[in-house]
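What follows is a set of structures to go through.
Look at the two complexes coming up: subunit A is in both, with subunit B in one and subunit C in the other.
Showing the complex of A and B:
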């Protein structure tokens, strides 16, 4: 795990590691690019290397000597970027490729002595122009930064913990205001803005309800009713670190057997947390999470469309270790952060959600949340 | 065009197919227009790609808007269309309800959802055929490679974005009605922002009240930028931002049922001189906005009103753009742009000034250019 200190920010340490890689490869500079897409399931390479979340397309150039330049779009965002970036230099303009060309020309960097990362994450218009600029001479080192950032620093874990705290406040708000007659989008709007007020700068918020859910989706027009089961995937970001809580709430009285069924998800979560120690493969963790479902007679439901994955990585840093899935053989390392969620469709109750953001420690996957998912209900 | 606001991790809001406002016959008319263009260009099908950031053509032809990743619609001239969504199989039934296309599949299993459809398409056609392609610029390398691998040697793709641009630019009556609805949400959001700020809240919390109001009115998307330094710089939400500033200057954009409206908003007593000059400039720009007028002429009027002051950096020398299915559409209102105002299109006119002596101001108005004149959709004083 990268140990960020007061003297050196995490992003600066990662640039240092990237510069070492350049020396090993005999290259002069790394160009890492990112679009303004801000997917919570993907790394934003410019953010990882600068600690600045740009509005639009952005890039960081790391040179062999460790010096660095952040380039952001649009140009009018220069002041915020210069104040927020940890790079040595910050540039801004309205056309990223033109800015990169200017910077490379000014610094005398030859494309044949460069590496690139992230071009595949850009749209064709941008990637084709960049490929033209580099004339096919730069060496692709795709996934270099994603790999460098696979374990969170203490600073990043602290931010993820703050994001988790925000998510918990969002869930409390949901329990406070959800009531029959309210539309899904109204409930989502309120808790979304509530989390924004306390620092949630983005939010992958899925929240929907039904008498028998088949899955969770983004809030729609549906009006909440007595007996609905609300599913909430609450995923705020704090300073670029996403954290996700998965929760299930009944409006009114719980149906018969609801607590007992939900307890299967809780057992799966506990088993997964205990199993997820450094050195274990993610596929093994996913199999262990499936165990309580098989034991309860639901082995046939441990596949799509009854579930998708048992968790996944989170952006904007690195989405590694990837999906908590039986097909993912990545070896877990201390400091990896992801959401573990044995969310599951069961015939008696429909889809139920139970999940926490976790960090891998020698003792297992430590939940960043202060309380565990319970089969909650909103009294009416 | 340059992205001007922070794109969210997922598009929130009550997305669906609101058939009372955008019924099936609207899409029949749009597809009829698309078929005419396909015939004129000898295309046997049209492939339309969009993602969560840009989905103008996709939304126009299918009503589907990707909230997180991408989608591609395959629209053959004489056969059943299919749309592939970048969602898991579990989510296909719900997400598919957003479009009139009935043949909806997950795009995650490309070999199973694209290849058989395309094989069948090719067997119906005689020899190598041409397909129009919209949205290629948005495609990531991995997607483009998959598309090319599946179609290589059997068809010829032709870029269709420029050919379709006029069809997308001329706003249809239902679109104008929705733009007006989106504008009313912008106004309501601006009111909420002003009430909050005048009640003593800081700029960030006032901006959040604007967003809360807009989302509560079923906005599909809401983007807000705000200032804490008297309008000198505008920032997106990122952590906790303290400070009020006077004036508080903000930018609010709202998407409602697929159509955008936007406005700059200025609250407070500060920078009255700058605000007055900006208002006068905007008034002159609106007065000049008529069908056929070059956008450079509007830009020239704006530049004249700067009268030695610096343009606001958020705007620079770009004093407007078209708006509708995308937040910013061509043309940009710059002095060197040869485009002209088109009857039937909807535009934002904007002016900004940043001057140490008089302060900062950003103002805008939305107008609909018609053959009979210019209709002001909205202008916040």
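Showing the complex of A and C:
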């Protein structure tokens, strides 16, 4: 884990590691590019290396001596970018490729002595323009930044804990106000705005309800009813760290056997947390999460369309270790953060959700949340 | 990230509206000799597919395949578990769920018996490379070209449904801002968003120009920011796939005179816009803003995948947003106003809400 205690140290240390890699490769500079899209599932390479969320396309150039330049679009955002970035220099313009060309020319950086990361993440035309600029001579090191940011720093974990705290308050709000007669989107609007009020700077919120869910989806106009099962995937962000809670709530009285069924998901979660220690492969964790379902006779449901994955990485820093899936053989490392969620369709209850953001520690996957998912119900 | 209401109100947007839009595109593609048109959609670029089908991906990416006849088919990187929901909220023929859009696309094209191997792609420049590469690498030897102009030609003028939905979105924004600030205090930003969402908006994004005495640029309001003596709030609101921006400036010392001047200016300058081919009227009526000095305008509208983009020459009949900048001796005044341009010369342009 990167031992960084403030935001300057985290992104600066990442640039330092990148510079070391350049020295090992005999290269002079790394160009990492990113779009202005800040997805809860993907890293934003410019953010990782600068700690600044650009409005538009952006790039960071790291030189082998460790010095760095952030380039943002649009040009008028220069003041905010310079104030927020941890790079040595900040430039801005309305055309990212032109700005990169100017910077490389001014610094005398030859494309043949460069590495790149993320060009394929840009649109078709911008990728082509950038490749033309580099004349096909730069060395692609795609996934370099994703890899070197795969373990969160202490600062990033603290931010993820804050995002988790916001998510938990959002869930408390749901329990407080959900009632029959309320429409799904009204509940979602209130939860979202509540989380914004207490510091959430972005949010991916899926929240829907049915008497028998096939999956969670975006909120609709459906009116909540007695006996509904509300599914909530609550994913706020705080300073670039997304955290996700998966929760399930019954409106009114829970059906017979509901708690016992939900307990399968809870056992799967506990088993997954215990198994997820440094050195273990993610595929093994996913198999262990499937165990309680198999033991309960639902082995045939441990596949799509009854479930997709048992969790996944979270943006904006790095989405590694990736999906919690039997096909993912990545080895877990201390400091990796992701959401573990043994969400599952079961024939008796429909789709149920249970999940926490976790960080890998020597003792297993520690939940960043203060309380675990329970078979909650809203009394009416 | 999208997180609001996703719902298809067939009362406001009947299936016939989408049938008509797709038929216009199919007619244009046949005229252009295209065997298929591909339209990409993801979270930040949902507008073209939403216009044709009502579908909006709440995450991940999808591709709409429009053939010369029949309902469009949608290839989605979403779980099969939500295929039913997609069919409920979208007007498409088939939904194909896959982790590999390029592979499914080439398979679909190969099985479609295309009359022409010419494939048009809306905003080809911005589509992810793996999808284009799959088409280029296909054995069929497709001739790929950009279909942005073709799509823009059928995208406008706005139909009655789009105008009505845009007007509703504008009213949501105007109502939320009207009640936001009292007695020169700080606005409750979360309450503004809550009002718009509770009114049924699919989504709302807020930008703020925090200190108009220094700078007239908007910044995304994703966290609390210190607001100066004069500031502006702009809401980008989408309702049933129709996007507008609405923004107003606020001065803690009052500003009634400036608000009145801007209202006078809008009343004088917008109707003569006619069909939008000539925006010179916006500057000609600058005197109507007295005592404010007219600084300029940014015109935004939708002609492709982006919900709103700068349009120096907006098409006739389009719903556009005019982002005005004025100035007095203390600083800037901003006002963002949605407008429906006339469909043809001789008609008049109109604001979507009066105020």
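Please note the rule applied: the second predicted complex is superposed on the first by the 376 of 380 C-alpha atoms of A that agree within 3 Å, B and C clash if a C-alpha of one lies under 4 Å from a C-alpha of the other, contacts with A are read in each partner's own complex, and residues count from 1 in each chain.
Just so we're on the same page, a residue touches a chain if its C-beta (ideal position, glycine included) is under 8 Å from a C-beta of that chain, and two chains touch if they have at least 3 such contacts.
Since this is a predicted model, take the numbers as computed values, not measurements.
Peer 1: Overlaying on subunit A: subunit B and subunit C, fit or clash?
Peer 2: Result for subunit B and subunit C: clash.
Peer 1: With both complexes superposed on chain A, which partner does A:94 reach: first (subunit B), second (subunit C), both or neither?
Peer 2: In the superposition, A:94 contacts subunit B only.
Peer 1: On the A-aligned overlay, A:196 touches which partner chain: subunit B = first, subunit C = second, or both, or neither?
Peer 2: A:196: touches subunit B and subunit C.
Peer 1: Once the structures are superposed on A, label A:324 by its partner contacts, choosing first (subunit B), second (subunit C), both or neither.
Peer 2: Neither subunit B nor subunit C is touched by A:324.
Peer 1: After lining up the shared chain so the two structures overlap, which partner does A:30 touch, if you call subunit B first and subunit C second: first, second, both or neither?
Peer 2: In the superposition, A:30 touches no partner, neither subunit B nor subunit C.
Peer 1: Should A:57 be classified as contacting the first partner (subunit B), the second (subunit C), both, or neither?
Peer 2: First partner only, subunit B.
Peer 1: Have a look at where A:73 lands relative to subunit B and subunit C in the superposition and call it first, second, both or neither.
Peer 2: first
Peer 1: Mind working out whether A:48 is in touch with subunit B, subunit C, both or neither, as first, second, both or neither?
Peer 2: Once the two structures are laid over each other on A, A:48 reaches no partner at all.
Peer 1: Which residues form the common part of the subunit A surface touched by subunit B and by subunit C?
Peer 2: 36-40, 53, 55, 76, 79-80, 120, 123-125, 127, 184-186, 188-190, 192-193, 196-197, 199, 201-206, 214-215, 217-221, 235, 304-305, 308
Peer 1: Mind pulling up the subunit A residues that touch subunit B in the complex?
Peer 2: 35-40, 53, 55-57, 73-76, 79-80, 94-95, 119-125, 127, 183-186, 188-190, 192-193, 196-199, 201-206, 214-215, 217-221, 235, 237-239, 242, 304-305, 308, 315
Peer 1: Which part of subunit A faces subunit C closely enough to touch in the complex?
Peer 2: It comes out as residues 36-41, 53, 55, 76-77, 79-80, 120, 123-127, 184-186, 188-190, 192-194, 196-197, 199, 201-206, 214-215, 217-221, 235, 304-306, 308, 345, 351.
Peer 1: Would you pull the subunit C residues touching subunit A in the complex into a rising list?
Peer 2: 1-7, 9, 43-44, 58-59, 79-82, 84-85, 89, 124-130, 132, 189-191, 193-194, 197-198, 200, 215, 217, 219-220, 222-223
Peer 1: Could you please specify the touching residues of subunit B with respect to subunit A in the complex?
Peer 2: Checking each residue of subunit B against subunit A gives 2-16, 51-53, 67-69, 88-91, 93-95, 136-142, 144, 205, 208, 211-212, 215-216, 218, 233-240, 313-314, 316.
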